[in-house]
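Labels run A, B, C, D, E and F following the written order; every chain starts at residue 1.
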Amino acid sequence: MRVNNIHIKNQSHALSYISIYNNHTLVALLEIVKIGIFKCGNIGVSPIFELLLDELAQREDITVRTVTTGSKMGVKDVEEALPKLFEFDPDLIVFISPNPAIPGPATVREILLKKGVPSIVISDGVAKRIKDELEKQGLGYIIIMGDPLIGARREFLDPTEMAIFNSNVIKVLATTGVLRMLHQEIDRLVAILKEDLPLALPRLLVDTDVIRDNSDFQNPYAKAKAMAAYELTKRVAEIDTRACFIEKDREKYIPLVACAHEIAQMAAKLAEEAREIEKYSDTLARKPHSKKGEPLTKTKLMLPPTVDKKIYQRWLKASRA
Amino acid sequence: MRVNNIHIKNQSHALSYISIYNNHTLVALLEIVKIGIFKCGNIGVSPIFELLLDELAQREDITVRTVTTGSKMGVKDVEEALPKLFEFDPDLIVFISPNPAIPGPATVREILLKKGVPSIVISDGVAKRIKDELEKQGLGYIIIMGDPLIGARREFLDPTEMAIFNSNVIKVLATTGVLRMLHQEIDRLVAILKEDLPLALPRLLVDTDVIRDNSDFQNPYAKAKAMAAYELTKRVAEIDTRACFIEKDREKYIPLVACAHEIAQMAAKLAEEAREIEKYSDTLARKPHSKKGEPLTKTKLMLPPTVDKKIYQRWLKASRA
Amino acid sequence: MRVNNIHIKNQSHALSYISIYNNHTLVALLEIVKIGIFKCGNIGVSPIFELLLDELAQREDITVRTVTTGSKMGVKDVEEALPKLFEFDPDLIVFISPNPAIPGPATVREILLKKGVPSIVISDGVAKRIKDELEKQGLGYIIIMGDPLIGARREFLDPTEMAIFNSNVIKVLATTGVLRMLHQEIDRLVAILKEDLPLALPRLLVDTDVIRDNSDFQNPYAKAKAMAAYELTKRVAEIDTRACFIEKDREKYIPLVACAHEIAQMAAKLAEEAREIEKYSDTLARKPHSKKGEPLTKTKLMLPPTVDKKIYQRWLKASRA
Amino acid sequence: MRVNNIHIKNQSHALSYISIYNNHTLVALLEIVKIGIFKCGNIGVSPIFELLLDELAQREDITVRTVTTGSKMGVKDVEEALPKLFEFDPDLIVFISPNPAIPGPATVREILLKKGVPSIVISDGVAKRIKDELEKQGLGYIIIMGDPLIGARREFLDPTEMAIFNSNVIKVLATTGVLRMLHQEIDRLVAILKEDLPLALPRLLVDTDVIRDNSDFQNPYAKAKAMAAYELTKRVAEIDTRACFIEKDREKYIPLVACAHEIAQMAAKLAEEAREIEKYSDTLARKPHSKKGEPLTKTKLMLPPTVDKKIYQRWLKASRA
Amino acid sequence: MRVNNIHIKNQSHALSYISIYNNHTLVALLEIVKIGIFKCGNIGVSPIFELLLDELAQREDITVRTVTTGSKMGVKDVEEALPKLFEFDPDLIVFISPNPAIPGPATVREILLKKGVPSIVISDGVAKRIKDELEKQGLGYIIIMGDPLIGARREFLDPTEMAIFNSNVIKVLATTGVLRMLHQEIDRLVAILKEDLPLALPRLLVDTDVIRDNSDFQNPYAKAKAMAAYELTKRVAEIDTRACFIEKDREKYIPLVACAHEIAQMAAKLAEEAREIEKYSDTLARKPHSKKGEPLTKTKLMLPPTVDKKIYQRWLKASRA
Amino acid sequence: MRVNNIHIKNQSHALSYISIYNNHTLVALLEIVKIGIFKCGNIGVSPIFELLLDELAQREDITVRTVTTGSKMGVKDVEEALPKLFEFDPDLIVFISPNPAIPGPATVREILLKKGVPSIVISDGVAKRIKDELEKQGLGYIIIMGDPLIGARREFLDPTEMAIFNSNVIKVLATTGVLRMLHQEIDRLVAILKEDLPLALPRLLVDTDVIRDNSDFQNPYAKAKAMAAYELTKRVAEIDTRACFIEKDREKYIPLVACAHEIAQMAAKLAEEAREIEKYSDTLARKPHSKKGEPLTKTKLMLPPTVDKKIYQRWLKASRA
């Protein structure tokens, strides 16, 4: 599975695609799609990304291998660790990193391009400014505007605070549907790879309007609360950026990081509230994976999920178009 | 850094140590300790473990490399992925897995023993039954009784629900101080490795009494609430085990997994409440890492942290004893 | 009304019955059924048990008389107090006690058997171990697994704490439907006594599955939260047992009882939340008694209740079977 | 122990006493004080009253026997049940009833006077209007203004709703300190009886000002919240009285009883909040009984209670005065 | 527009009307109705009253001019400020004041009567006692029983506390539907003035029963909670009255005002809860004004509002009757 | 009291002053300072502004008169209404308006300048862009960045929603200390006017850093939560601006305004939480006015306030400087 030719479709909204035509024919090899994940530094979705793809640990159609450099993001770290991922011979690579423009992650992108494996960059709001560059490079991307920078000041952040912050961010990303979009994009690519159809890598900037227009909420107030939660994590990003990079005086930045993390906690509460609303009317959407990796869907808690043929057909159709 | 000789100390309580005398002398090499992490399947601490060691991404005394098999836990997955970790030539290996007794993880343990790198198994309550075996094998271990099995039923669990569950578990583990114990054990080993002293690998079963006797809470009610939160996650483990492995009828297991996840959410709330109490009197303990990896400590929010010499000396002294 | 003959039906699940055939014919006497209640020590349902039978204080078909020994449970207390109940010539006796195996309560059971009045033991989880004995003795029983031991340590428990604990337990037992089961069993027996049909005394172990399978909740998440609340009170029982009987050191047991009572408080909150869900969709079931003691039922708040003929017929039919 | 002579002290405030001089000398008999409790109908404190006197079930200086008529309050019920209590030969009688002016309870009072055992009436706000009569009769009384009438309308009240209401009321009465006052008054009388000193029966009208002036709260906002909770239960009483006795139309009284019970729930929440404040600063007062029945006291959770000599001396001194 | 003739209709319930026949014919002038508002002292609705009439700031059919005397209520303040309002030549005057019986506000009423402009007094519960006088004077009135006196004690009240209290009161008045009644009464009068029909000024005492019988809630428990919130603000009024005017001792009145404001905060929470219920089922009623001032109505959030013809016709019809 | 000469001091931070030297000598006239308030349109502080100056309605040193144009902001409205304020001959004018750049409010500014009465503009974040212009004009200003635009869409906003939004905003502005800054600035000017010292009108842009550096919170987490609440209202402003002026499609703007108002509600909750923290340690600052208008201050609830001489002297000193 190698990328031969890249055709960028006309993009008129937040979510569009880079089409990649492949001339690969060994369908048999792709009964199992191999997904390589490279993490370099940490964003909110990093810790649980691979779990999203196989939450029940029962999928038989994918193999996932992850290599990470921990919180280190140096060029040397990258050069040492990334090659390990290619030994796994992945069909698709997901590269998750907080700031894909700095030297280390930039090196990752270069290596990815050289290797020619279809690759997607998943990053936070900081990546917005290299969106055009990513498109030119033929890399897919999912930029999560509401995946905020942490309050990285030594007077404030310790491992406990860090974990709690991540807990809050994960809850917001899960409840608002951002994680749903993430796994569905990968699910879509896996489906296309299995069908040996032309790949269209995602170009997705996840801002509040994307949540508004794509979430699973049935109740409009639940959706409004989820959007509110997402707006809050975006604000966290802005405040922490100021606290970490602009304010120099301890008296000034400590209250700011503390303030940002309080907002993160409130965002998690709002997100939880949104989800509770759907529970109250038993309309909470659930979309597990089948063993074969098919997208399933259900709402009423006591009923079983069924295959979501609509979304599956849409994926393939879009790929064929 | 190779393990030559294992002497098991007399253990009188939950937290004791396996002493490993090493005859290593190349201290210079260990200005930077290389920590290899192997994840096979997922438990609550898996997603954020490496972040705990370097929450500010500024430590200069460690390098961390992680290899994972995703949610897959087969022997083949292990045999393919684990060797990649040894290419990194780690000084210390942390192996995180939900059920270290089944074939895949058992293979990991065998390989670890063969390679002779000091290794620690981090696992959940299920591992309690192979505690003796681990001790005989000379592996360190940290068994987290309150890191619960997820409600892995397809009618209930989807990527969103999975992420929310992990969010709740992370919050409980962070707030109760379990994550603190985890990183401090690794910090201790790193300190000893840097000093070239005899290694004593942890043998730690983290039950509620460990939280009672070791947490950072100043307010006794905050501690009681944290303990309560931990008891709740333990209950989640029991209920989910029943729902996943014993009940066969959908009408029976769906309410059980839903019930277990409601408890997990409540546990997170209780944990948060415990932490709020300490905020209310500005006595929340924070223990970040310095750039050199020293343990720092502080309570009053507006004051800077200082090096926690007491704990550091205790670590070295215990190692020398 | 005397018990003549006991036939134990085949029991295949948690709720089964001991059938007692009576040859009593004086129906006229039973226009009013006399219920004698003997309380010896206290469990969560003790304080409000008789109120459950006649919540509106308007029933004309029963007379209730209670005799208690306070918190004392000695043989002497029992021998002095219990005879007073027989002076009331009850048709049915309900004996409520926390530990029916110890000497005092055991004496009660012996006297009950000697007197031959149909009798039911209501107790908490501790009684589970004498379940078989109770069945052999021909006593009915309702064992409430989620009616927890209190944190009876003098450093912690005072009258205020005790009352708050009972308040929380009562809320959980009410909201989860346990109190409903209790009064319906007595209502059923009263109905049968009035019809002069064979009595089948209840043999009911109220564990979480009974709540799952018998509660009035319309919303499955409300039911899950109620089950969660019940699981929590069961955990309270376990922790308090440890704190009261195993731990000897003040430093160890105080945090445990405090922890247990925090869980009880959280259980009450969860239970309340469950009930709120039903309010939100106006589907909260209410089952008051009519003046004649008939079971009534309703859901929509603004509508009047109607006689629940289905349950009534089921009672009589089961008795005739 | 018989009452021979009653001298009513000058009363200038809410809490005053009726002094009863006794010429009893058989001190030996009173190593154990026998307390007889008669309940006729139900108020909020009824269900748990005897538990308040011996919350740890370890007191050796009192014996308690309770006889009740359930929710029935007829003259016949009283005449049949009350004599059973005298067979116990009580040194002190506590009579708990919601409306001591109506025929049944009035009969109780007459019998109590005839028998000459020192007796205290505990009742709710309705009893305020017979306060003078109670004083003339030489009966002690504790009238609890915030112990509200339940919403006794069949469209609304069922056993579950009844229990929840009682749960909420118990929580308010406990947290605000009303139950403390109750047991301390009985404790005081027991102490006096054991010392064979002149008895002064309480004449106590528990309104919000009594809570303001007598509660154990250290934090003034906690006290304000507790007072607020009590004010709310008083409002519940007013609304339920209107809903039960004045409004005749279902459309009118159903919303009123529902409204009143919502207030009761909110009152319980406020009360809980008040108690949490004291937990947050570890200043929660606890006042358990010793085995000998002495009043103990403590605040810091981890410390043991000590005998409250001050209050004990005050009791005896006041009695001697 | 001058009032010529007053006919008081027979009043059988809380909401009735004073009919005022006018012989005015210059309809053209009233394409825009001029509403003069005079505020003298402050009650809960004062701060936002004029905003209620034109919440979108787009109405073209009314002009509003407000003159206030701040918190001062002296005769001199009134005599100086009120004339300014008449320079505006209003068609309708709304006079808002906390205590319309004292000299300053009484002077306002006299001046209003002299000027002959149709006028409505809006006041709090204190005004209830001059209800008859207002009717005799031919003034319309809306007396809001749940608009409470503030805790005006210098040890407690400062500008921050005052604003928070007003915030809570506004939330209760909004959520319970009291503000809806206020603006609909004015909307009705504006409609009638525009149609040149006989004016019927409102005589409305807003007690809890008015909320019960007139609110927009679809869920009966939401309504019960709203009623509960209103009952709470009524209680606030009673407690603050005592604290401000009866208790003289600081030790006594400080806890009372603090208690009252805690109740106000709880009332706001209850009110919010009531509104949330309607959000949960997407049945929240919204009744904005059209540009022409027509009453619009809607429930489902995502749908547009439509003209509420029913209420409009009822207004005109009632006026013609 | 006329402004003669304006000297703009060097400004180095958010809060600086425009000094106005006056040559006024008739001190006697200013025993009572006359404050004229002109409101044109509405912002969050508008409804309660004058109440802040005299929360206890007992000040004898100021007279306040307010004239408003309701929600109308046209030039004609202004020209008609504003002159009424000058008839009151104010010593100081406060002009409150949401958008001081548009024609109506611009006209107000021109008139104010022409009249020469010292004037302050209070406005929301929109005014930031005319800050320089205001300074050049010699007008004082207080620009409240966290006083947000309302969600003015007819599908969403009705009088009830409007009032609730204002309630939430008022709570945030009060709790964060913004209202404190407002009244203290006016108090300062009143003090200076009474002393006949040179007036320095405020030039204050209230952003989160001002709250951080000037609030009364003792607990740093309380301050962080308050800052968080303020950040949230700032976000509300941004979202509502987009929803009201940019998005044209109902499907797009309805969720946005709903989202913004959910954030406002959450901001109010956070603010309340911040204040509760101070209550929990009895450190809540209260700063009422004395009858003479002196600034008082206190913290412990049960103690009386004392004159805050420090702040008073600072005011006068700064003015003399």
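Heads up, the rule we're going with is that a contact is a pair of C-beta atoms (placed from the backbone, for glycine too) under 8 Å apart; a residue touches a chain by one contact, two chains touch by 3 or more.
Not measured: the values here are computed from a predicted model.
Student: Please give the intersection of the contact partners of chain A with those of chain C.
Tutor: In this structure, the chains that contact chain C and also chain A are B, E.
Student: If you average the CA coordinates per chain, which chain's centre is most distant from that of chain B?
Tutor: E
Student: Interface overlap for chain C and chain D, more than half of numbers shared or less than half: same or different?
Tutor: same
Student: For the interface formed by A-C, which of the candidate pairs D-E, D-F or C-D is equivalent, sharing more than half of the contact pairs by residue number?
Tutor: That would be D-F, since it shares over half of the contact pairs of A-C.
Student: Between copies chain A and chain E, what's the superposition rotation on C-alpha atoms, in steps of 5 degrees?
Tutor: Copies differ by a rotation of 120 degrees.
Student: Report, in whole Å, the distance between the mean C-alpha point of chain A and the mean C-alpha point of chain B.
Tutor: Chain centroid spacing, chain A to chain B, equals 26 Å.
Student: Taking the mean of the CA coordinates per chain, how far is chain C from chain F in Å?
Tutor: One centre to the other, that is 61 Å.
Student: Could you please state the distance in Å, as a whole number, between where the Cα atoms of chain C are centred and where those of chain E are centred?
Tutor: About 52 Å separates the centre of chain C from that of chain E.
Student: Which chain E residues sit where two or more other chains touch them?
Tutor: 220-221, 224, 254, 258, 280-281, 301-302
Student: Taking all chains into account, which pairs touch?
Tutor: Pairs of chains that touch one another: A-B, A-C, A-E, A-F, B-C, B-D, B-F, C-D, C-E, D-E, D-F, E-F.
Student: Which residues of chain F touch chain A in the complex?
Tutor: Listed in rising order, the residues of chain F that touch chain A are 208-209, 212, 220-221, 223-225, 227-228, 231-232, 235, 239, 252, 254-256, 258-263, 266, 269-270.
Student: Would you tell me which residues of chain C are touching chain A in their complex?
Tutor: Touch list, chain C to chain A: 219-221, 224, 277, 280-281.
Student: Given the complex with chain E, which residues does chain F contribute to the contact?
Tutor: So the residues of chain F touching chain E come out as 39, 41-42, 47-48, 50-57, 63-73, 77, 80-81, 84, 87-88, 152, 154-164, 166-168, 170-171, 173-175, 177, 179-180, 183, 250-251, 254, 258, 265, 268, 272, 275, 286-290, 296, 298, 301-305.
Student: Which positions of chain B touch chain F when the two form their complex?
Tutor: Going by the criterion above, the answer is residues 279-282, 284, 300-302.
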